[in-house]
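Pasting in a structure now, in structure tokens, and then I'll have a few things to ask.
Per-chain numbering from 1; labels A, B, C and D assigned in written order.
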Amino acid sequence: MSCKTAIVSGLIALSVPFAVHAVEPVGADAFNVVSPVDLATLTPENFEVTLLPAALEDGKVVFYDFTESFTPLFAENLIPAFQAKYPGITIEYFSVDGEKSIQQLMAAKDAGSPSPVDVFFMPNGQARVANEAGIIANLPLNTMLPAAPDLDQMAATVSRGYTHGGVVVPFHRNQTAIGYDTRTVSAEQVPETFEEIMTFATANPGTFAMTSPAGGGSGGGFLESAILAMATPDCVAQAQDFSLTKEQAVEWAKGDCLDPVMAYFTALKPLIEITKGNTDTLTLIANGVATVGTVWEDQAFDFVGRGLLPPSMRVTLLETGQVGDGDGIMIPAGSQNVAAALLFVNFLLSDEAQVMKVSLNGSRTARTGLDLAGALKADMANRLVPTAIHAERARPRIAGVVSSAATDRFVVDVLQQ
Amino acid sequence: MRRLPQGVVAALLVLPSGGYLALFFGLPLLLAFLGSFGLYARGGDGGFTLRHYADLFGTQAYRDGLVFSTYLAIVPTLVSLAISLPLAMGLAQTFPGRKLFNALYKVPLVVPGIVAAFIVMTLFDRGGLAARLLTPIGIDLPKIVRDDWAVGVIIATAWKAVPFMTLIIGGSLGAIQKDIILAARTLGATPLTAFWRIQIPLALPGITAAFLLTFIGGMGAFAVPNLLGPVYPLPLSVHMYVNAFERNNWGLVAAMGTMLSLISVLVLLAYYRTTRSLRTAYGGEVR
Amino acid sequence: MSQITLTGIAKAYGTSVAIAPMDLTVADGEFLTLLGPSGCGKTTLMRMIAGITLPDQGAIRINGRDMAALPPEKRNVGLVFQSYALFPHMTVAANVGFGLKMRGIARDAAAERVRAALALVDLEPLAARYPRELSGGQQQRVALARAIVIEPDVLLLDEPLSNLDAKLREHLREDLRNLQQRLRVTAIYVTHDQAEAMALADRIIVMDKGRIVEEGAPVDLYRAPQTRFAAEFLGQTNVVAVTAAGLLPWNTGVAGPADGMVSIRPEDIAVTPALDGAGRVLSLTFLGPAVEYRIDIGGTVLRARDSGTGTAILPQGTQVDLTLRVPPHPLQGVA
Amino acid sequence: MTARSGLHPSDGRWITVGLGASLLIALGLPLIVALLWSFMDPATGWFAPDILPPSYALDHWEWAARNGDIAQALLLSVGIGLAVTALTALLALPTAYALAKLPFAMKRAVELFILAPLIVPGIIVAVGIGTIFFRLDLAFSIPGVILVQTVGTLPFMIRVLAATIEAIPNDLINAARSLGAGPAAVARHILIPLAWPGFVAGGLLTFISSFEEFEKTFIIGSPFVQTLPVILWGYLGGRVMVFPTAAVVTFILLVPMLIVFFLAERVLRDDVMAAGMGKL
């Protein structure tokens, strides 16, 4: 994974000098959070010392987690570890619906109420809506956390192709991939390019499961990967321009950039099963009717661990590259417990927490300086994309607005037909 | 004792629930209606606009969604009706174990729709349990989950709706005087004729009421079609959810909600037309 | 044309006997009344003839044809329910025409027969009304028209007048009798009202606890009941024990059966004031056409009814003599 | 007598057999499948073509027992259900009486308005009500959930109660009045005892619909008010679908429902419920 982040870093040519930053509001003149300590005076060195008394004063952190799959990690591992480290600060954990909770925060802001939550592990796809609504605290989490000085700066400033500048800190990285069941298909038979997928689907109709881009991220990622593989370099470059507005993205999607992609999927559609969500695809593989499908690497890992997918499940990436992203943590602008929230976020990005996460969930990290190979047992490593393939074929996601617009066209051109 | 006029007494008695519904139902609905025209909508700029309706009817996915929502209201309801009628008739007979059946058939009433969807999925998805049982004996199940005809949605919805409809229809059938059916029999009607010509017409208000309530449930259903329905089209309720919570497009959501409510109201009016002659002829409902 | 024969008919619900094994024959054109208290089995018996209730054993024949295998719709019986059981969703004409429709009678012919049947019960102008728009008496007549329009082999009437007020009831029972006579249809009429039974029937069957207690023409049953049950159920009577010497307690001159009971109708007792009379007026009730006295005579209390015309009304406490206008009628099998 | 088709099939056993078989397929089979999933062993899984899981384990049940959230959600669901039932009954009684016994202008309009919440899909009500609840500081609170659920249950209760009260003879009320009972005493001693079957039927319906209500509770209450169906959504509807966990929660949700249901079944009269909903 460090190789992947190297590519990413190279792409955006951002280097992070390990120097003391002044903590300054992101994209604004003033902080939009009420803090008991002067945030401008925080440095990585005095971070903990300064915040701890105020954090103890807060005494609690309300924490939203939008994933279902991370519940055991948080509830049974990370939160107990944090509370043991900082006695006197309680984490109130809630497993929530991410999209709905963003609306909840927006409604609270509209009503002039404080935020009901202090730390929110939120879906990356919502970063734009949330930040434009002003519900994210404009803290430079990408640089101010002493526990995470080595964050991949692209991952730390861009979420789902939207540049927020660092207010959402990447808790984990994920990767869309091709999953297959070695009970029914050998590694050599697994298609490695879009042409091979077509050949495979023609030879074995109905056994390739593709998540609908409108229904699950593994499908959206697959569509983005197809764009990377099939669109012209110019088109790809436009799609990777994170400064595009929604209207520009819709224009792009309407143009001829997507024509070859749509033609491909139109031809592919009758040969495969398009499913409604990530789990749907996995269920079809578990049921033995699909042999190859589009998946999230970490979800497949998690499902094998829970016995919901057979241990014969493997994941790999297409030769032309597949996109990955991640989800991040933010502190809402209306948080009432900012000091404790900062301590908790800092802990979640620390070596200890990130190692725990990888070993339990197989989900990758945005910390470039951590060597996690040792944390993984052999059988776990088997459930991930092989390191060499990942290094070579992992790609960042294209601009979120372009992806959404492309999905809308997919619905019209492929699904509607 | 001073006595209040009866109209005032009635108004006072209606006030608690009437006021409650006005505040917590009427007002939100009004806001949604205004919001669909861009007035007082969250995230809107406050001016009157028909943009949301233009969006709704200008987008094929939404148009198809509206049609599909109506389909998901009608078809499962018809299927449930076809099961509930004979079931209600059967349960009215005397047979061993009747009391037990009468309790057991209602169990799905208390099972959340989501659970029904979960069970349909584990049983009927491709490679699911039903397929594992039937394939060895040479029966190939058609695609039931995510299929174009939404068979999975129909099964799960009907599973939930049949007890509800049976309960209401059974009650309506049971309310018919036995003598009336016997009279038809002695006048020469076979059991089947008596059923169609006497019992069905007399139970029609109950049947249509059950139909209507199930219909509206299907119209707004979200969880079950989201889990079991086809990839395309999606019912309007799912578009509502996506636009509200993922796209923050509340004006469009309000327009969709207004359309769904409008269809429901139209169906209600049709119901009143259908049953009007019966209501005046039977039970003396002349208020 | 229609003769009904029941042989060995019996019905039980669990352990309770609804109908004890019985035989019964109804002659063609006869008006038969089943009379008895509620729960005596009379309705069950009638419903078995209609095919609504199945007998546990025995055979029912109409004109010699066994009905056992026939459901109600194949028996061609006309049944008038106590509740009328009119179809609330059909007009009067549609109600009456229903049976004809079921018989596949052509529309025009059926309409003519419906009109005729409604004319018979004087309801022609109300053909287009719904049942709920009719009075009780009108509903009753619709039910009757509906039952006769199909020209049934037998007309069954289950307490058809019991939901009407007294005056209307008397009026309708005359109409009913006339109608039955005109149509010459065999009729079985169930009632618990003895006056109705006597007014209507050619023959009355008195039933109790699932058994036929007694049967006969109304006059015979009233004047010469065989059983105490029948004597007491049909009108009022005094049941008096005969002394060991075969004499009534108060009048040594009148003979009776030895060691038995006799029935003396109140109107058969003449009351005359006498200073040394053996009886004394306990109380009296003025009924208009008659005066009813409760008279104590030697410790026995008797009811006597005197015509109210002309004679003076005897005040309470008057000493009286009693004489019988007809000999007392002996009863059988009463303890 | 020979058996014959007609009003009294002499042999109801065929109905028993037919209904029994359908019930077994429609009800028994799904429950067995859910039960099997709840005992699935995560170490071996349960994959095609296995018809039964290769091994069984208590992992998911143990998880539920360990997980305080589930027990808490169960208590919360029951508590909210009871509160909604009480509030609904309280609000419904006076209106039901007025509709059943008093003549007044615009009665039909009032009836239609009371029916309206049944006609409008719940998701629309919930989305609209959220804004108002924020102003009233009721969003994401238990009282807020109770209030929004009551919107959906009130129509049922009013209709069922009105039908029951309509059947109470006016003479009984007049008799009580003539004996010196005021309106409150009439309600307490005559109306409520005689309308009891209506309260049972309406109450059961209310409790059940509150207990299984998802959309409105989710939109108004989640994440702070986590009833069982909301928790279930996390395992089934939202992002992922975890069959074994969902199966366990299903049973935890089902058992108290069935107990309430079978208890109520003893006193419940179908005709009462049908009378309320038999026509709209």
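Here is the rule we go by: a contact is a pair of C-beta atoms (placed from the backbone, for glycine too) under 8 Å apart; a residue touches a chain by one contact, two chains touch by 3 or more.
Everything numeric here is computed off the predicted structure, so don't read it as measured data.
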To get from subunit A to subunit C along touching chains, fewest steps? 2
If you tally contacting C-beta pairs for every chain pair, which pair wins? B-D
Based on mean C-alpha positions, I'd like to know which chain lies farthest from subunit C. A
Gap in Å, rounded to a whole number, between the CA centres of subunit D and subunit C: 53
Interchain centroid distance [CA atoms averaged], subunit A/subunit D, Å: 39
Please report how many Å separate the Cα centroid of subunit B from that of subunit D, as a whole number. 16
Residues of subunit A that contact two or more other chains, please. 97, 100, 107, 110, 280, 283, 286-289
Residues of subunit C that touch at least two other chains are 51-52, 71-72
In subunit D, residues with contacts to at least two other chains: 5-7, 48-49, 131, 233, 241, 243
Which part of subunit B faces subunit A closely enough to touch in the complex? 42, 60-61, 64, 121, 125-128, 131, 146, 226-227, 229, 231-234, 244-248
Residues of subunit B that touch subunit C when the two form their complex: 177, 179-180, 182-191, 193, 197-198, 201-202, 278, 281-284
If we count contacts the way the header does, which residues on subunit A are in touch with subunit B in the complex? 97, 99-100, 102-103, 106-107, 110, 125-126, 129, 133, 206, 212, 214-215, 273-276, 280, 283-284, 286-290, 411-412, 415-416
Per the touch rule, the subunit A residues reaching subunit D in their complex are 64, 66-69, 94-98, 100-101, 104, 107-108, 110-111, 113, 116, 277-280, 283, 286-289, 299, 305-311
Interface residues, subunit C side, partner subunit B - complex: 50-52, 71-79, 81-83, 85-89, 98-99, 102-103, 130, 132, 146, 150
